[in-house]
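Please go over the structures that come below.
Same chain, two partners: chain A is paired with chain B first, then with chain C.
Coming up: the complex of A and B.
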């Protein structure tokens, strides 16, 4: 059994904290929320403290932040319908670019592994892909209207230019660039959840995806490429994604976020019942019908809904944040 | 603006809650009950009529559940007509009033009384989505309308 130990509680934000995101090196993380600020946290004398506050970038709630893979840029998605790009060319983080185009609230933002692409999604039901050109120019490469409702989350594949999105329409969609004409197209729709899909996370290989939902379940999806040895029909040349595992009966309310650790393979979930849970794939579990066991669960991890969980790049620390305005740092041990 | 439901049924209000000696004793732990939740929301105004949600039977004490141990409050409300376009706004007003008045530990669920509205499922889903509720409450026009409903006459 694993163990999560509370290391530190950080309270600086006013109101709900929506999201936390690790710098790729794992020595700094950022948080954002209702108070329209981004806070950067780093370690000093063994304790995490808030060194930098980025304010005045947005007029409304900041819903999510994402670090570029090089760690030199932060993108922030806001209810004010814009996405801001912060860079530290002047020595400290400053907002030098604002991406406009969505009709209303931007819900999520993600960078591709190369840092050359940025994706955003919105309540206006669309997903936008932006090309990062020279001189910090951002060009809209695609507006994808495949979802029929509010899009909650976007995330890129860990090593391909493949984009996944989760929506209020209960589905997950996979997009990629068509090599023949460079148009972005929806190549797969993952249907199985019975209510809003709030978040999603690829494993380190990118051939598996974990999703979490308002239907109180977590699902694991497996990619089957054309010509797969299991004989799963794929139709044209595209892969199919099949739900190979549903974790139900664990969460008692909406599951708002999920983090799949690229170091340890552990899955952590953030739930509206104030609980943080950690799941581990059982040894010798069949890859086409895997079993996951809950290895730890922290009741009352926060005083209110847990909105986000994020494993550190090393996999030894889990950060969580909540409607109660607090951020918590947890140490994970086997 | 044209009224959707021109002649709604109007019902009597319940009597004021009688305060017992025990309730006035600060040493006695007084848990939040359905009557207290009802009293917080029954005075909310209907967006169309100069009447309270209690007088229109949109809210009834018997359709409120409180679980103090698990910090749950659930309120069912009954739109005056099955196609009421104000259903989401009414639900949002009830939700906002409870978010402001109840301790933060409570998880508040506001839903349409089953079978009383044509778009029951989609209204319930919207009211249960805290992200959309949060975004709605940052809309200055909408919050003004909600505040007008919430202010008791």
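Coming up: the complex of A and C.
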């Protein structure tokens, strides 16, 4: 059994806090929300405090932020239909590039592991891939219209140029670059959720994907590459993704976010029932039909919907944020 | 699944609400004014009848949204698809052919079909025919349906290229701020620019009409005296769905005659469906000929297809570059080789003058992602090209959204390669001859030009987006 202990409550934002994101080194994290600001938090005398506020980048709610793998850039996705790139070249974070193109609300933004690609998705149902060219020029590498509804979340594979997206159309789609024309194509559609898929997270190897949904479940998907030893049939050279585990009966409302710790392998979820839950894969469980057990849960972790959870790179801290305007820092112990 | 090009599919789509529910275009209903409340009853046929003061019933007009309404609205574009199905469909075309056969000879319309090159190649591959034979049998098919005259769109394509050259030289010399000049023949791009980027992009777009619309003006206005007072019904055969929207633009509607320059646009894929529905293939059709009503004798000629120099999208970039190089820097360029940039659908060519300085920068940008890159570069003032051939479909018009799909499971990229090879083998259109024609036929430049207008975003309570 594990334990989550509340370390600190941070209440600087006005209105909902939509998202928190760790700097890759784990000493700083960023938060964003309805108040159109991005706040950077770092530790001072053992306490997290808000050192920097980035304002005036967006005209509407900032829905999500993402640190580049090098930690020198922050990308922010906003309901004002733009994505902003903040860099530290002047010594402080400043917005020097704004990516336009989406028709309406941008819901999510993600960097690839190399930092060479950026993906965004929107209520306009499209997923865009941007190429980071020289001189901070961002070129549109693909506009993907594979989803039939609002796209909620995009995330890159931890070591391949593979992109996954989650949508209101109840599916998850996986995209990769087609080398013949450098366009991106949808290589798999993961259907099993019965309602909106809100978020998704790869494990540290990238061979598993966890998804969470409005259908109150969490699903674990396993990649089976062509010629896999289990004998799962695949396409020519494409992998198939199979749902190997469904966690149901735990969440009583929509599961909005999921974080898969790359250090400990623990899965944390943020739910509309105001509860934070942590799941762990049982030892000796069959990799093709794994069992996950809930190791802890915090009832009333926030006063309203929990929007986001994020494990620190070390895996010892979990941060959550909520519609109640607060960010909470939790210490995790075995 | 929408049939429009990517550029239009993405414009103001909405989730949660289906397009029909979201259509907020107010429609004016014409009915007689009453001072008191009107009594409306619903007839057995579902029609609405309004009783006026005298007690007699007047049938109320049914509210109909037209394609032109859709073009003028900043709302969704995909709901226009439902409208297309009724106004510019195979069924409508067949209905017109049928009616024309039935009615009195004096009242019958003169049905003219203009065929562009891309659908011919698409169907040539589909039915395994040589291009010239495919065109001849296609002409035969239209005659079988009841067409009076079948013409080659290449004349209008030549006119468009010549007029584009003229416009480019003029902009380069007299209005360099309006460079880069952007191609205007792709309605997907034009419509996207009007709805999404408004006055920012529009000044850069060439004001030359597309070949389809030049052909329309030619047949309906310039040559109108030829038709002995008969009403002309003009059908064009095109590689993409977006051309239907173009034909519906208010600029191409003649208020006097109450007709459009192009009455119906039919695409490769629809032709394939029409043939399938009749249970025939093009091979079952006799070969026929093209007419040349712009010549005095209106002689029929055996079909000899041609292409434009350069891309399969009309060859604008190559033709303009060739002329500009000659007139602006005294350079004869016989071979034009582009360099692929980030992806093969965005390529450029830089020409140096005698001093070794880059004097002409041209590019071809196909597909929606590259439209984005062009638009964003323009917005940031980092677009240094003089001319960009912009098309909404990846690989351009040979890969138009309404070209016939591959039959034998051939990868669509292989199909495009096959079409490109076929295109390259065609003899090049003689622009000099076309220019001589133009001097005789085109009395005024306006006939070749059009204009664009930004579509204002509607902000009404009905249209709030959360």
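Operating definition for what follows: the second predicted complex is superposed on the first by the 334 of 334 C-alpha atoms of A that agree within 3 Å, B and C clash if a C-alpha of one lies under 4 Å from a C-alpha of the other, contacts with A are read in each partner's own complex, and residues count from 1 in each chain.
Operating definition for what follows: contacts are C-beta pairs under 8 Å (C-beta built on N, C-alpha and C of every residue); 3 or more make two chains touch, one makes a residue touch a chain.
Computed from a prediction, not measured in an experiment: that's the story for all the values here.
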First (chain B), second (chain C), both or neither touched by A:168: both
First (chain B), second (chain C), both or neither touched by A:150: both
Partner chain(s) touched by A:183 [first = chain B, second = chain C, both, neither]: second
Which of chain B and chain C A:123 touches, first, second, both or neither: both
First (chain B), second (chain C), both or neither touched by A:131: second
Partner chain(s) touched by A:103 [first = chain B, second = chain C, both, neither]: second
First, second, both or neither for A:34, with chain B first and chain C second: first
First (chain B), second (chain C), both or neither touched by A:203: neither
On chain A, positions contacted by chain B and by chain C: 104, 123, 150, 168
Of all residues in chain A, those that touch chain C in their complex: 99-101, 103-104, 123-126, 131, 133, 137, 139-143, 145, 149-150, 168, 180-183
Partner chain A, residues of chain B touching it in the complex: 104-105, 107, 125, 128-132, 134-135, 138
Residue ranges of chain C touching chain A (in the complex, touch as defined): 6, 9-13, 15-16, 196, 342-345, 367-370, 372-373, 376, 379, 382, 394, 413, 465
For the chain A and chain B complex, residues of the former touching the latter: 16, 34, 60-61, 63, 79, 104-105, 107, 123, 150, 152, 168, 195-196, 214, 253-254, 272, 303-305, 323-324
